[in-house]
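By letter and in written order, the chains are A, B, C, D, E and F; residue numbering begins at 1 in each of them.
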């Protein structure tokens, strides 16, 4: 299955060794973004992947493209438009000090100013079996919304699988408010086959009601089934994080039209607090594209999400071999 | 309130990534010292701060001054005298391996050789409401003792608040012995309004007796009340560290003439084992200078001390926003 | 003389060791800008300096302010507005490979979106004797033009010296064209006392004519005199670069209403190809503010400009001692 | 034209800042090799390129492949075989101190142990118009010789262009001696269309005689014409380095069956002493593949070779725009 | 007691800050190997130590020798032979992500190609009281086996103590299989006085039987006694790792002909997952060479093994003072 | 010949990439000193060398010793005394910007506070054939003068060769003045066999008169002959630097009792402006100790001095092979 994504390539600038911005002049430059992350991981799993986006026609755009190629992602659908790459600075947290992300001018990025007319959707879709669209596109600008809708509609019409990720960030939507955003999501969902989200996305954003009389886990099950029926969704997946004392655990869930499964919780030890969600999503898409059982998929994706947290940066770089190792020999922590 | 400090600027040289001195040629250069630390933190809280000290008239002195300004501290009371900056190398510990500090020639530093005549105390005090004096000045050299006494006396006479920090290090006082040091502290304390210290400072150094018939916490309370009465101290504050299994907790206490409060213990996770005490002191001084309740003060100061341990180096750089975040949303460990 | 500047603080991100962006993930972060550069150098010469600008109210803005303080510049006129710091990446050239600057979204920066109403000009001017305005403000946005005109007008009205720097970059003005820019400069110049520029600024931008019948150096002299009379300019200064085989030389010139002087050419050896002009300007302003002879001024400024090229980054950090050393003992290349 | 190369991917490990191996523990890891270098440069010129080689099936092999992709080279003909990547350490020279290369076990590398049966030549050649073979393959091992001959023979038979690079290093051939090597080259040359070499390759290695009665440049011309006739070579190209005092100049030459051209000498300023030859070769191949005039080709290639020396590492990363800039505006050394 | 070792010097290349190979170009270069590790630690304990090995006669060999001297090991028995240093890349694990070691061509190293005739055993042994031989020599190549046997035989004949370390790695012996390896170990053991190993070495490799009717710890005791009797071993030592929840503990054991002791378990906190075994062995050899009681030896060696895990790299650099500190004041984690 | 030196081990702290102290927090730590430099170079030439000095008994002293061993110098005459290592910061110059050295408290170093009673001269001298004493010892402190005199006297009495280096730095002798220093040098010289110095040392420091009627080079010759006769000196050597336009040249001279020679001038290209004199001295001592002709000695020493300037730091690390390469194939600047 040829998997592609539509999304932004962002610059991430990170001080070394948990230093804060005022403590150092050294920064590590990475290129990231939900699409980059998921495709990079799928490429490391051996899939053929391709990213649809725009970058500025300058040295920085070229450097970004080179990194994306290094990650294993094909670059021939990366066009040039605009003159800016959205960026963020990540001051890495330690213990009770949170990781602090500071964005720099995201809306004026090459991706942010590119609308439907800046992409060749038809030619792109001809080479693709499944396309991932990140929900951030619905929040960013009028242009990105327009492009995302057009792409989803076309893909759906051509019988391509559309995978969508809620990724709803209230902080990006202060101007519009939840009601406006609800309409955007409702417009997108009918085109989608695979959806990543959480209970809160369904209740707080879409305004769906919980069947309060049921017990909590049943409430969630009924809610998701309703959601999947409403929008004709094939798969709905997501993760739940739980704390127990000092420890944190990750569990993934996955619904298809008939049943639902949940992975055994795995402890999370984090080198980087950003990015495990994309590792989980990559695992789910791999399993779906290869027709594994729901349980196989969700166990693999959860293990992969846990590994994603042990990698510097938000781009998951795990191989099948590494995920299998964690699943099969979790206590062997030195391989030689 | 205009807050100032009198104290040494030291160089700290730290190998990267927990390496030991013989393992690397790379060092990170920071400028530190109790006065620098407390004022830097107060400046990050929005206070106007100023440091009284001397540095050599060379490139290193200039670099030190530039760093102090970067921290938000005014540099116009930093004079030039002597030809050396006291320095120490910190080999960062890991797990059971202790952090190892190696000092280089502290007594011959510009600060160590500067006596009362090398400072303009009157002009300095005219611009100040509260002045912090670090107890290290009593241990370092004859000159620093002389300067510290003169400054404290003048400040007290002018009705300025004097804040004093016991900071008693037996290793710095091998030549003189405890009795000599006791006399120095007894000479200083009558000028002081706010004092930082521990039970051991009162018993082992000042030779005060515990009322052994009382229970432990009552003993401490009575001891401190006696101390505050003896020397007419307005506030006495300090921290207590407790271990529970693998975990370490920090609790702050604060006495005024009428009552005492204790903060709820907070778990410590340490990136750097040096420097949390100064973060605690900065929190206390902020609260006092703004007239908060004792409990507000001690809770804020304790949270700030805990955050200080999550920062590389001994200089606390926390803002009010960061401390509030920890107090109000301790589980949110990624802010974007 | 209290010297201030109005201008943008930019981020500069530079790969180490002449690497290009696609060759490394490591970047060195500096904060720069014409105002920062000139004031930093004046502060290193012992002047009291202050910068008027706006930064975003976030971690990056705070880090920028800290660096500006470190450079010796007072930060109390740095306000908060907007949410972005303009930035550029500098791939350092080597030999025939040029230094390549790539800008990131300069117009949407905090400075770019701040108009006259976002500054407190009156209070600021009350503390200032001379204010430097960079010509980039005329090119950047409608807002920065408006702010620059208002500030210049007010300063002039209050009898403050206004220093202006042509700094005309055609690449920043593709939208408007030269004619529009000519009008802006003509509007600004009547408020100005000290102007930095080149022959080309007067001919190509302002459209003044050369008296072709004279010899070349006389042509330039007559041109500048005409310009200074037209706009009532007190001082006009600039630099000329000359190549001779492999070698490059810098000469500074300085006109007042009565005479003109030129410095002896000095060879340029460049560690960084960006920033010597600001070092030259700082030297000129120092000399003018202290009433030196024209020749003393121009010799000092030229030596300083040459030293600026030997410093990494565009911020000149030279002291009077260093400039004097170069002027008096140019062959002593090791000081201990 | 689809251009491919057959050759080794090597690791290059370089200490920073001209340090020698015993002075530092820090190394910069790059992947290089004649094929990598030429293809990378062609990819930066916009060509579609592909490398045929083998790497070990381990983490290092994967990292090497990722870097090759980053350089713009397609990786689908990079197979897995053997368990070692040939490597070398480059202690960068400075002034009279030479750059010192130390090889680590080159013959046992994955490339060194791979023979004809370890590659899929037919499938590979089906996707290629021109294939570059590096002469090192004739020196390295029996296996690499066998593979190189088979590939050249097949390519020639299929009417693909074969490009060959003498690259004769006596130090790699101590075991066999020149006579043995002469036979290998004589076996290879009949398959070749484009050849890179020097006068010394023709005389010292192939044993051809100079027509001593002619003047030096005519001698060379006649020699090359004889060589091209003997082996039916379409293009013969190479570079000549000349010193003049402290300065070094590069001139490229290019012969086709009818005429010869020479580029104007360009001064060399070297950041890295390794690798300009591959930049020159990439320029030649670009021009040939696009049908430029001989003079256009050789001027472009020489400028590109000069730029290659200004780049850290041996991989040339220049774009057409950069080469054009040097050719058209050689004095503009700061682009913004 | 003059202690020496026979073994390989390997290069270790480690990316910084837990990065993986494809994430960085920066590597830290160390020289390591069982012999290097044990001798370095003994030298830090104040012993006179010397290493017998071969290195290539090139810049890398010289750099390796310089590092070995820095560690405190005498280098006059390090000869030159071959042209390669075996190397490995260590991608440092974090949490559930294992540390991943990738070897580069170990068998063709200078050590791997050196047989008995490439060493001067007699002269070497004349200066030595105890010689450590690493079991890896039995696995590596025919040459290293031959050299190890000859050295052990000669040492034994001369009445020198021979210390041997099982260090059996199945991955290095895929060609030969266990039976072949069993014969090699059986040939070596009669020459040995001090042996490091585990229960599995005795059962799985040597094929000895457990007395299943006894309880587990008794089984082990009887097994070791049988082994020591069979081969006339003076001391048998090793470590056992135990997990309890998230925590890991290290316990050392030591047998002499009459009794056995076990250290109290110590918690392991690991900065580097490679190398604690060599720290343990160094502790045992120190105690034996100085005639401590079995219990003193095993407690010291276990504490030292725990400290070895807190040091970057596999070379233990602990001093007696540091080990004593951990044993006597385990809660003091900041020394100044 | 067993060569030893008596002198200080200093720390050198250098910012990377020509940055100044206020521009970076990163420093590179080296250990240096005239004795260290000369012995290190001799060790790299294959000589057995040993350093007599004292270091503090702490982690820094241990790290210094380890580095000295790495350089190939034996460490068993390095004792412990005092608590400080003299240090200096070197801001590397570029072009017209001078290298700026800032010393930190040199007189209170372990070496500075060690007098004759802190060394075991007799035992040390028993193992030595030639001992080098640096003139800095005469300037530093009363203690170092005392120790230097005692050592020279004893060595001379035992018939050991004494090598002495004027190394007169007026800046270190502001307290005493030239007359006092003259007496010290006059006291030392009678013990010396090999002396390094310049014409200025003989005239300005010792007050010897030039025979003004002779031509300049003859004046120098007569002066040196007088000096050598007066103090019974066997060899007198030194270097002369000459500038010609932008270029700098180094020439070495060497006198014995009968004749004098001068090396052909060699161009200097400097990576580091500190330390070539010690490289020259090492070359001279090597030649003398091996009985080369005067001309061979001086040519080798000059080439070595030139190479020393191409190495980062002041410690020359050249091998015989490298010096020979420069002498025999100066145009081969890439060795592989």
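Observations
Heads up, the rule we're going with is that a residue touches a chain if its C-beta (ideal position, glycine included) is under 8 Å from a C-beta of that chain, and two chains touch if they have at least 3 such contacts.
Please read all numbers here as calculations on a predicted model, not as lab measurements.
When the C-beta contacts at A-E and at E-F are tallied, the pair with the greater total is A-E.
Relative to the C-alpha centre of subunit E, the farthest chain centre belongs to C. Rounded to whole angstrom units, the spacing between the C-alpha centres of subunit A and subunit B is 46. Contact of a single residue of subunit B with at least two other chains is seen at positions 16-17, 20, 22-26, 62, 66-67, 70, 100, 103.
Within the complex, the subunit E residues that touch subunit B are 16-17, 70, 247, 266-271, 306-307, 309-313, 317, 322, 325-326, 330-336.
Listed in rising order, the residues of subunit B touching subunit C in the complex are 62, 66-67, 69-72, 319. Across the complex, subunit F is touched by residues 16-20, 22-23, 88, 93-101, 103, 169, 171, 243, 246, 273-274 of subunit D. Within the complex, the subunit D residues that touch subunit E are 13, 20-22, 24-30, 58-60, 62-63, 66-67, 83-85, 87, 89, 91, 100, 102-105, 108.
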